[in-house]
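Common to both upcoming complexes is chain A, partnered first by chain B, then by chain C.
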Partner chain A sequence: MAQTPKNTIDRQKLNDLLDYYAAKMKRQLRHCMHCTLCAESCFLFKMHRGDPRYMPSYKVINSLGRLYRRRKRLELKDLEEIKEIVWRNCVLCTRCWCPVGVNIPEMIALARAVCRSQGVYPRLNENFQQESWL
Partner chain B sequence: MGLPAFAEGVTDALTILVMFCGLLFLGRRVLLRRVRTISTFGDYLALSITLAPFVSGFMAYHHLGDYQKVLTVHILCGEIMLAALPFSKLGHMLYFFLYRFFLGGEYGLTRRLRVW
Partner chain C sequence: MIVAHRKPLEEITDMIEGLQPLLVLGCGGCTSICLAGGQKEVEELYRDLQDHFGQVGREIRLGQLTIERQCNAQFFGELDRRVGDYRAVLSMACGAGVQFVAERYPNIPALPALNTDFVGVDRDTGWFEENCRTCGDCVLGDTGGICPVTRCAKSLFNGPCGGTRADGTCEVDPSIPCAWFEIHRRLKDQQRLELMRKVRHSREWKNQIRRSLIQEPFRARYQK
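And then the complex of A and B:
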């Protein structure tokens, strides 16, 4: 039952997924004004007493933004870091609101899909327990 | 006989108001942790480009420093601001009213699918 993770990135699959949504996602990333008004709409941000790592814009810029910026130099350790952002720091409750209209849950969901396509996702350990960080 | 103009006291007061607001925005960007985390060089640059014509214009009007040089800087800053308008964050001022209802989260005008 052990889930063996892969140890290399499937570039073809990565590029297919990122290319399909590139125009829309890059446009939305560009439209982010870094105003942080979305922070107030995220209950995780509020519960963590204003920790900037739980701001929707921070999550998007450091997950999907990072995927698009570092696409050619992406490695599995980058995906592991992105995994923590999109699965721990966000629950996809879609409560986040952007004054400009950026669809934040869509971007987090795409980042999750990209990680999942590379075999990077929250796993059960040998005792069938969740990873401790989740 | 020319076009009507504001009184000089009014323009002075408005310039000081703009500079004060600019300082507030700069303070917000530097002092608030959540904004500082996400700010990039482009954000600070956009703010500087917007404030520079007002600061240099105020200095030129009140003859602070070498008048000719400050006036030249003021003119250049104004031109840089207008030139950078469509290519930077400043363009949001104009584009916002166009794309606000066409972006993913708020398809109010295309798919009639509003979230709120």
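And then the complex of A and C:
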């Protein structure tokens, strides 16, 4: 019952989704001042002793930001790497706070939605163990 | 965590009769974790419905989408964008999520593909066990962490019923341990047996009517 992911990108579906949200993505990414204030609101960041990979801004920039920058050239490899960030490094507790109003949970959820549209999401491995997806 | 399981396919096909096109909607929350209503399960139900209708020679028009939570409005953006293309939504969330979807789109039938079972814990992959009945009056501090509401067949609060079998099993169902036998053993190991003598008075069963909760730090926000 191990789950088999897809091995090709549905370019039409991906582009439709990214084109629809492109303006919102651009706006939210531009608003980020890199002030790191969001880090203080993330319990995962604190639990990992200030590891910058758990900063909400890092997570958004390296998931949604990457999806936006590479939106015409995305490959499954990109989505698999982004999956690690938006599922392992974030539990969508929605507690993160941004002083300029970037809706961080919405951005993480959008990155997850893009991954999901291509069948990229946490799955059971061959030993029927779940990936760290929280 | 909320645990649920998929309804029989026959029940689902009866429920969706005449409601097309139909959106099969997954949830990335509890029902993903309990392997009942996540994206993989959406894909499986989608295939099962196509196979079923194909076998009886009928057409079915389906869509599929999984959102991160069906119990939190901030995750409904993509669903808001697409739900208008469908006659009905077949939700693979828990009962709370199904109702939330129904409330948000009152003109679009929201149907449950799952039966919501209990609040429970993971024992192993695919194996979940009930631990809490959400009674709203937790006594776990006095019972060594063993819930008498959930684990006692009679939900007794002040010790065993007198029907505990010699091997510590329940007179109602010998396949389950007597909760109060377990509570006694746990409190004894913790050297807190005096708690067994504490009398719990008759309780208000708070989970019989719909409840609403605002956490204390947020009360001022909702006061008019």
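Heads up, the rule we're going with is that the second predicted complex is superposed on the first by the 128 of 134 C-alpha atoms of A that agree within 3 Å, B and C clash if a C-alpha of one lies under 4 Å from a C-alpha of the other, contacts with A are read in each partner's own complex, and residues count from 1 in each chain.
We adopt the following convention: contacts are C-beta pairs under 8 Å (C-beta built on N, C-alpha and C of every residue); 3 or more make two chains touch, one makes a residue touch a chain.
All values derive from a computational prediction rather than experimental measurement.
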Overlay on chain A: chain C relative to chain B, clash or fit: fit
Which of chain B and chain C A:Cys93 touches, first, second, both or neither: neither
Which of chain B and chain C A:Glu106 touches, first, second, both or neither: both
Contacts of A:Arg123 with chain B and chain C, given as first, second, both or neither: second
Chain B versus chain C as contact partner of A:Met55, first or second or both or neither: first
Touched partner set for A:Met47, first chain B, second chain C, both or neither: neither
Which superposed partner A:Ala22 touches (first chain B, second chain C, both, neither): neither
Superposition-derived angle with apex at the Cα centre of chain A and sides reaching chain B and chain C, degrees in steps of 10: 130
Chain B versus chain C - smallest C-alpha distance in the overlay, whole Å: 8
Interface residues of chain A shared between complexes with chain B and chain C: 94, 103, 106
Chain B-touching residues of chain A, taken from the complex the two chains share: 24, 28, 31, 33-36, 39, 50, 52-53, 55, 57-58, 61, 94, 97-98, 100-104, 106
In the complex, chain C residues that touch chain A: 28, 32-33, 38-40, 66-69, 72, 74-75, 77-78, 81, 125-126
Chain B - residues contacting chain A, complex: 32-40, 43, 89, 92, 96, 99-106, 115-116
Residues of chain A touching chain C in the complex: 3, 20, 92, 94, 103, 105-106, 109-110, 112-113, 116, 119, 121, 123-124, 128-130, 133
